[in-house]
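Two complexes follow with chain A in common, the first pairing it with chain B and the second with chain C.
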Partner chain A sequence: MKYDDIIYLLPLLSIGVGAIVLMLLSPIKKFSIDKLSWVALFFLIVSFATNALNFGMVYSIAPYAHLFSYMLVSDTFSGYFNSIIIAGGIVTVLVGTHYFDKSNMLRGEVFSLLLFAVFGMLLLVQSNELFTSFIALEIASISLYVLIGFQKNNVRRIEGSFRYLILGSMASIMFLLGVTLIYAGTKSTNILNIASYLSSHKTEDMTLTIVGGTLILITFLFKIAAFPFQNWSMDAYEGAPLPITAFMASTFKVAIFGFILRFVLVDFHELKNIWSDILFYVAILTMIYGSFLAIFQTSLKRMLAASSIVHTGYLLIAFVSIGSIGESAATSIIFYLIAYFLSSMGAFGMLSYIASSDHLRVTYEDFRGFSHVRPYMAAMMSIFLLSLAGIPSTIGFIGKFYIFIGAIESGYTILAIVGILATFVSVYYYFKLIALMYFYPSPEMKGKIPPLRGIPPLVIGIMAILIIWGGIGNTLVSYFPGIDFLIDTAKFAYQSLFMG
Partner chain B sequence: MSSQVFLASSIIVVLVIAIPILFLATGKLGPKNKKQKEKNISYESGVTKSIGNSNNPFSVKFYLVALLFVLFDVEIIFMFPWAVDVRELGWFGIVEMFTFMALLLAGLIYVYKAKALTWQ
Partner chain C sequence: MITLTHYLTLTGILFSLGIVGVLRRKNLLMLFFSTEILLNAVNIGFAAVSKYYGDLSGQIFSFFIIAIAASEVAVGLGLLVLWYKRSGTIDLDSLQMMKG
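== the complex of A and B ==
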């Protein structure tokens, strides 16, 4: 047994240990939410640091292959996604603690559940076998169901949680049926074995495997809230406490994409063209439906939830083009995920900070003249919205640019056109808020405005700087890691998938 | 597609469509509701006089204890095959089983600390 393999498992282990330690600490009265958040942060940062140890290498290793029988894999791809997921956990803890502290119904178990959710997501992008990924998916999902409905006396939270639980369980059943059919067809659940089976047999003999793969694809479309399966997301996102919504909308989506990219690129490499037709229409309908939904929302939280459906549509554009231009499409997805993560995490985090520090602001109208009251927050919010809308000089623009170029290169010009139209429409609902914040006088404020204090404004500021840096970094200072660096990392991640 | 696979999958499709239709049709096919008062009162395992309707608040403590029991029951189920093979599995098996037990024990400690087992 090699002892140095443990280094590849440390990110996973430290999160798992942290979740159990937090679970044991949470019933003790002496540990307030504030103290527990520091414990959670410690374990998350340890995990992030151990994950960063292997940064910059292209590698693919099955740690303790004998012990785990090749169920786990650790490669550049998983390292890349791990760092996004753990960063999502860190930002949620840093920004959310203020919110959890204010709404005193949320108790210390929140952090334990959050770490369990992160653990499930890390396992999901590292799993090399379908049952392991099912268990990982369930660990993450069940933690999220509980986190959404944690405030037991709030009807909306319970409703969102319950609806997500019922529909999510249906999706899980689809996944299990898909795994069963794939096992019946290929006699294996290990991704590498399935890939070698598929490449050595004719397509005509693989009906069961194709049906199974389609069922797993349906689970994937459900979890990322693509068109026919999007209805849960509005209720779940609206019902959840704001930091949890941020965590779900950005981080969970990243983890699901991490899993499905590995599944499609390695496993169903031979068959990925079969699904292009389905995904083509799903992408178009997702963008159109999400845009319509977002236009008519008056609540900001619902608007961001609806716009996250539109962003799913953009990601699906690149997913369709994987069939013909594998490497650049996969790279553009991996890059867009980090752009989307930064912008949506920032926007939701900002909302949750505003909700916890100011008096409650919910609708567009509540933000009328916000920049005169809180110039810093209004500026940060504008940066996140500009990045979500894909305005040049933000990271969101670069991400969209690569996705649309990839769609045109692979011959899906219609997808690129619909995507660009959806972007135009999105300018309406994002800029409405910016216009309301800046171009209208603020209503009379009662009482004194509480000053900016604590860590959340700092974290949000750092995220805003990263967004701008990802958009213009390289043109200002050469030889410093910027966009090219991120694209290269995404390419390495893609290459490491095919080393095993 | 081979004919066997086609046959099997078409049987599944027919069953998937037919069974829900049968379930829905039982209202029409089965015994008719004659609107008798005795038939419509809630059934409580032989208790003739029912206590209120089903929306009343009731204690969930029994359910908690039952849930926890199931958890450790399952642990025991896993321990039996392990106990039979423990000599062949050697130290690896012992370490693995004790890791599993430690994880469940952590859960038990949490349950104890969170006062889920106190009856008051």
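== the complex of A and C ==
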């Protein structure tokens, strides 16, 4: 038994232990929400630090291989995704504590559930085996169902949670059926074994495996809210408390993409082109439908939820082009996930901080003349919206740039055109808010706007700076790690997939 | 002689029954029953394939599926109780009040 393998499991272990410790601590009256949030933060930061130890190298290790029988893997790819997911957890705790404190959601179990969700996502990214990934997916999903419906005196929360639960359990059954078929076809559920089976057999002999893979792909499309399966996301995002919406919209999507990229790139390497046709139309319809939804929303939360469907569409463009340009498409997906994570987490976080004191400020109209009252907050919100729309000098622009270039290179020019049109449309619903904040006289703001003090605005401010840094950093100070560093690491992550 | 094909056919039949149940039933409790049928259909498939290959891992998986199904239904029934207290009904159509 090698003891140094434990290093690769520490991020996972720390979160798991943290979740259980928090669960035991939360019924004790002496621990207030504030104290529990520090405990949660401690475990998250330990996990982040141990994960960062291996950053910057290309490695692929199956920790305690004979104990876990190659079900877990730790490589640069999982390390990259882990750091985004854990960062998502940290930001949610930092920004959300204020919200949990103010709303009467006063229960410490929130943090325990949040850590369980993070645990499930980390396991999902690290799993090298279909059944492990199913269990990880369920750990994350069930924690999220409970988190959405946690505030049980609010009827919308229960309803959002209920819809997500019913449809989500259907999706996970599809996943299971897919695993059964792949198991029947290849005698294994290990991703590497399936890959070697697929490369040694003819396409005609593996109908079962292809059908199974398609069922798993359907689950994936459901979980990222792509076109035919997008309806749950509006209800679940609308029903959930704002910090949880932020967590779901940005972090969960990252974890799902982490798993499916590993699955498709390693396993169905030779068969990627089978799905390109379906995904082509799915990507177009997702972008069109999401744009239509987003235009007609009056509530900002629903607008951001709808725009997250559009962003799924952009990611699917790159996913389609994986078939012909594997490496650069995968890299652009990984990079875009970071860009989207920063922007949407920032926008939702800002909204949750503003909405935490009074629950009024949720529609466009409530932000009329906001910049005259809170200029810095309005500036940060504008940065997030600019990045979501993909305006140059923000990280969102560079992410979109790589995706569209990749689509044109691989011959899917139509996808790039639809994507750019969707971006034009998105400028309308993002800039509507900026215009309302800046160019209208300020009537009396109703309710109380929280001041620009404390930890949440600081965290949100740092994210705004990171977005700008990602967009222009390298041209200012060339030797400081910026965008090139992120892209290089994304390339390492891609390479580490094929070392095992 | 009962072969793998028979078991997989049974899986298919049960799965279709479950799908029909999920699509047609308006009672939320019945909906949960249908998802249980779906999960058990998959269970039979796993166990049969595992027996066919002489590989035990499939049977271990079906144990895990039972545990996961139980936890999912636990959350679902908890929500169902909350919903019943709120609205006094367990009809699926009562969930429509939120405009989608």
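Here, the second predicted complex is superposed on the first by the 490 of 500 C-alpha atoms of A that agree within 3 Å, B and C clash if a C-alpha of one lies under 4 Å from a C-alpha of the other, contacts with A are read in each partner's own complex, and residues count from 1 in each chain.
By our rule, a contact is a pair of C-beta atoms (placed from the backbone, for glycine too) under 8 Å apart; a residue touches a chain by one contact, two chains touch by 3 or more.
Remember, it's a predicted structure, so these values are computed and weren't measured experimentally.
Novice: May I ask you to decide whether A:M23 touches chain B, chain C, both, or neither, giving the answer as first, second, both or neither?
Specialist: In the superposition, A:M23 touches chain B alone.
Novice: Per the contact definition in the header, classify A:L177: touching chain B only (first), chain C only (second), both, or neither.
Specialist: A:L177 contacts chain C only, not chain B.
Novice: One more residue to check, A:G149. First (chain B), second (chain C), both or neither?
Specialist: second
Novice: More residues of chain A are touched by which chain, chain B or chain C?
Specialist: Higher number of touched chain A residues: C.
Novice: Under the stated touch criterion, which partner chain does A:T207 make contact with: chain B (first), chain C (second), both, or neither?
Specialist: Once the two structures are laid over each other on A, A:T207 reaches chain B alone.
Novice: Same chain A residues contacting chain B and chain C, which ones?
Specialist: none
Novice: Considering only the defined contacts, which chain B positions touch chain A in the complex?
Specialist: Going through chain B, the ones touching chain A are 1, 5, 9, 103, 106-107, 109-110, 113-115.
Novice: Report the residues of chain A in contact with chain C in the complex, numbered from low to high.
Specialist: Residues 131, 134-135, 138, 142, 145-146, 149, 152, 155-156, 158-163, 165-166, 169-170, 172-173, 176-177, 179-180, 183-184, 187, 189, 231, 234-235, 238-239.
Novice: Under the touch definition given earlier, write down the residues of chain C that touch chain A in their complex.
Specialist: 4, 8, 11, 15, 18, 22, 31, 35, 38-39, 42, 45-46, 49, 52-53, 55, 57-58, 61, 64-65, 68, 71-72, 75-76, 79, 82-83, 86, 95, 97-98, 100
Novice: Which positions of chain A touch chain B when the two form their complex?
Specialist: 20, 23-24, 26-28, 204, 207-208, 211
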